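See the structures that follow.
In the two complexes below, chain A is the common chain; its partner is chain B in one and chain C in the other.
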Partner chain A sequence: MVDGATAGLFLDAAGMKALGAAIAIAVTGYASAIAEKDIGTAAIGAMAENEGLFGKGLILTVIPETIVIFGLVVALLINA
Partner chain B sequence: MRLLERLWGKKPSRKSDKKKGTSNYPYAVTRVRAMKSKLLPKESYPRLLNMGIDEITRFIQESEYKNDVDELAMKYSGGDLAEHALNRNLALTYDKLERITLGELNYLIVAYLKRYDVWNIKTLLRGKIYNASVEDILESLIAAGEFTYTSMSELAAKATYQEIVEALKYSEYYPLLQKFDGTNLAYIENELDKMYYTGLFEAIGNPRSKDRKLFAKVVRLEVDVKNLINLFRLKKAGVDQLDDIMPLMIEGGLELKPEKLAPLPYEEFVNELQRTQYWDAISGVAGPDITSLITLESRLIRYYLESSTILSHVSPISVVPILDYIIHKNNEVTNLRIIFRGKENGLSDELIKDQLVVI
Partner chain C sequence: MSRPKEMTRAVIVGHKSILKETIDALHDTNLFHIEDFVEDESGFKISKPFKNAEEVSKKLVKIRSIANYLGIESKKPVVQKTDSILRELDSKLNELDRTISAKTESISQLENELKDLESQKREILPYLSIDLDFEYYRGYESLRVFAGTVKSSLEESQISSITQAYELYFDPQSKAVVLFVAKNDAGKVYEVLQGLGFKEFRVPERGGVPSELLRFIEQREAEVTRRIESLKGEIESLKTRYADFILASDEVLTIESQKAELPLRIATSENAFIIDGWAPTEDYDKLVSVVNSATKGKAYITSLEIHEEEEENAPVEYNNSKVVAPMQEIMDLYSRPKYTEIDPSSAIFITFPLIYGLILGDIGYAMILGGLALTIKKLVKSDAVKPLMNILIYCEISAAFFGVLYGEFLGFALASLHTEHGVVPGLIPGWETITLFEGIGGEAFTFPVHRSHMVMTMIVVSIVVGLLHLNFGYLLGFSNVARNHGMKHAILEKGSWMIIELGAILAAAGYLVVGGSALMYVGAIVLVLGIVMLAMGEGIAGVVELPSLMGNTLSYARIIAVGLSSIYIAGTVNDIAFGMIWADHSQIGFAALAAILVFMLGHSLNSVLSIIAPGLHALRLQYVEFFGKFYQGGGRKFNPFGYIRKYTEE
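Here is the complex of A and B:
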């Protein structure tokens, strides 16, 4: 049996919101990190041979950053 | 962190040299693709054909081979300079590939590049048997395998082939080289090649992942092309005894079955080839009235090069694009060598052009 007081302790609405926001940021941040890892190393590989590719490499590297921005938006919406 | 490393590293089932997780595929593949884009474009070959040897050396000096030509210009000149520069560049490029790769990728590339060890041993033995000068031998050595240029120069400086074989005592080739008695060079060379391919197939193992399957496919395709070229040469020379042909064939081809093709007379042999994928490449030049194999051979090599490029697009982040680069780089060096050696010996442009494999 769970009494009301304990339930309130665990399922506190504000706490749950904060947790949701945290998960949104953490998971998307991790996902962009994984995606950027490969693209970043590939960009460095291309740049090592041809320095002119710096601009393209940089842009391609930050494209997965959108994932964490979506996470940020979701986190802000939850807390709004 | 150390605890994690210990947990990951010490498990016996995870062989660090074969594990995909430790390889740096995206980095190596993109870097190699950028390197491939720097290979000579096909438009430069007609221009090269119109040049003299000094102009070609100059052209090479202004391209990717600049450092090599500059470095060696003090020691050599003319055709020798270009030859040494090309070999040095090839060796350094392959060495670079070994340096920039890790894990499984490195393991496969090192296994593939062992062909240059075999090449060098063959060159050394051949040079000693025919009493070539040390300079001549050095000119043909390509230090792209496991042996360094310095160690091979030492071998080249030895007086007889027995001393070379003795010096290779701790290499994997020693058991075979022991059989060398100064007269059976052809046999030893064939066996070295077969040994190389057996070793390479062992390194590939029983491929399960897609990229290893493709890697194996490219190697098998190469074996087929080599066997086919040899079969054509043998057929043209009138050899059709199974016992004579089979020792010259390399096992592990993709589609061809040399034991079936070997005993056939020329026409049936060609008919049999029509069922294979190689027919499209050679259909125009493999008629019964074939006089020269030069075009046929360059077309087969061209087919092999093109296929490897296509396969490298099937699995973009894998070892295949790197293998593709290795093959194309080798082809470029061979082409340049054909051009200036041809020029040096006064061959006609037409003849030189036929030998080139331009993609």
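Here is the complex of A and C:
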């Protein structure tokens, strides 16, 4: 049986909230990074062919940035 | 909100005898965007270039290769007369060509000699420690000469045990060996040498003592290098002497070649020509009068009615005031607007700096970056850099404004703040934070706005800013569609989105504020109505896009998110720096100096980040969220036939 003190150690509400917020940021940040890596590589490749594509490449590259913004919003909501 | 400059489609027709005058006149006005003629079944053909075309392009190639070789860059122009340039062109060009090729030839000869000397030197070097004239190495009948190196040391006894008839020179340091032995004993001696790892050297063919030869070669090398340097200096002086001439004649020849090759782009028959193109409507009359006066009224010039499909392809020239003009760079980075579209430069002129300022909002960084932008604008004369610096200045003005609103200076709060945990002092004594009203989630909305203490409220503010921005985009889209396809399409395609938003807001308000009243059902009905309209306007694709509305709106939360990250970086730098200073107990010592260094480096880093992070995010909110609501782009650049002279005049 788990006694009260240990349970409190693991399931402390404030700590769990902080952990949840950290996971929200970390995982979404990682997800954005993976997505941007692939798009960014392709965008650089396209730019090497045609420099005029810089604007479009930039836009496509930053689209997944929204994922981490969602993560941030969730993290802030958890802590609010 | 401006539209691109209105264009008139014009056609110029005339006899071939006045083609040259017409082309000259068109080129001088620099107003006519010529449509390239594509041969079809009409019987018209493209013409041949003027007779001088080949000669002009040959000279142009020559002058550009010279300019390239000399490394001539564009500089502050010295304006020269075209005809004087043309008069001197041939003689000067030939002279320049001759001098440069003579000089480069002698340089390459000298460089070859230098390489030759280098290899001679390499041959001599091993013999340096054995100062024996090279003449002694050859011409023997009964002697064999070994010259080379060994790996380990060579004792004289090793040779003397084989034969007495020998003469040995050995340098223990470089392990160079020169050995003269009788031919009869050569075989045995060679075996011994091989056992020591003997490697034979070539004996230089020339005679002389190595040390003297080396001195001679080195002298010669120095002399050759000096001559190469002086020749290079002469070429450099040619560059300064002829730079103006080269730049001016490049310009004159470019103009000539543009004119001479124009017949390749227009329709001609046996005796007549047709030039088809676009001119800005406001300048059309000027164009007509210039062409008429140049050809004494012999050319026929008329405007054509523009069909709808032609209008899509009309060349696009921006029509913005000087203040808004820098924003065209941001437009071109994405894509030039179509002729039929609204040009959103003036919208971005407001929204881009606004969002940048909302994100950065710091007086200190605004001053640093604004000063930087002003300095660069003063120092760098490049036409490509100026608009970018102007955009940066607009952004920093906005950032300074929001800096006052947020009360922030390099991450410090300017006004003191009273919280439950005590008083957070501000940088300006006596400036107290005033609570204006209750914010969201138990936060107080204050002036100045302490962003890090009212995150939830600021998220909502950011999203409201986003909603306004998005709806501004829908309105622009509405205007675009209404102009090109009629009011009904506009309401179904763009109006439906606003109705959907309205329905969602009503339903949410009914649910949250009033608590599940009739308002909620009204909202739901409006929402469904909006979706039906959208489905009618854009088909199933529009309905699939629905969730993106939420994504786009939430995306504006980055305004506060990126802003907070900047505050935290600045705050961390300040904490570290001031922590180090206090630790020093008011002595000016190492820690204080290090603290100043940390402070400077940290804030320089954050200044650079303050261009990149808010800039890119503000840009993205324009490109992805805002433009997605109305903008297509893909217009052709208005590229008039002509040339903007810098180095010459008529």
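Here is the rule we go by: the second predicted complex is superposed on the first by the 80 of 80 C-alpha atoms of A that agree within 3 Å, B and C clash if a C-alpha of one lies under 4 Å from a C-alpha of the other, contacts with A are read in each partner's own complex, and residues count from 1 in each chain.
By our rule, a residue touches a chain if its C-beta (ideal position, glycine included) is under 8 Å from a C-beta of that chain, and two chains touch if they have at least 3 such contacts.
This one's a predicted model, so the numbers in the text were calculated from it and none came from an experiment.
Asker: Using the overlay on chain A, decide if chain B and chain C clash or can fit next to each other.
Answerer: Overlaying the two complexes on chain A (C-alpha atoms) leaves chain C and chain B fitting together cleanly.
Asker: If we overlay the two complexes on their shared chain A, which of chain B and chain C does A:26 touch? Say first, second, both or neither.
Answerer: neither
Asker: Based on the superposed arrangement, let me know which partner A:62 touches: chain B (first), chain C (second), both, or neither?
Answerer: The answer is second: A:62 touches chain C but not chain B.
Asker: After the superposition on A, what does A:39 contact: first (chain B), second (chain C), both or neither?
Answerer: The first partner, chain B, only.
Asker: With both complexes overlaid on chain A, does A:48 touch chain B (first), chain C (second), both or neither?
Answerer: A:48: touches chain B, not chain C.
Asker: Which value, in Å, gives the least CA distance between chain B and chain C in the superposed three-chain arrangement?
Answerer: In the combined three-chain model, chain B comes within 7 Å of chain C at the C-alpha level.
Asker: Given the complex with chain A, which residues does chain C contribute to the contact?
Answerer: Listed in rising order, the residues of chain C that touch chain A are 332-335, 441, 455-456, 459, 551, 554-555, 557-558, 561, 616-617, 619-620, 623-624.
Asker: If you look only at chain A, which of its residues touch chain B in the complex?
Answerer: 38-39, 41-46, 48-50, 53
Asker: Along chain A, where are the residues that touch chain C in the complex?
Answerer: 54-56, 58-59, 62-63, 65-66, 69-70, 72-73, 76, 80
Asker: Using the touch rule from the top, collect the residues of chain B that touch chain A in their complex.
Answerer: Residues 24, 26-35, 37-38, 100.
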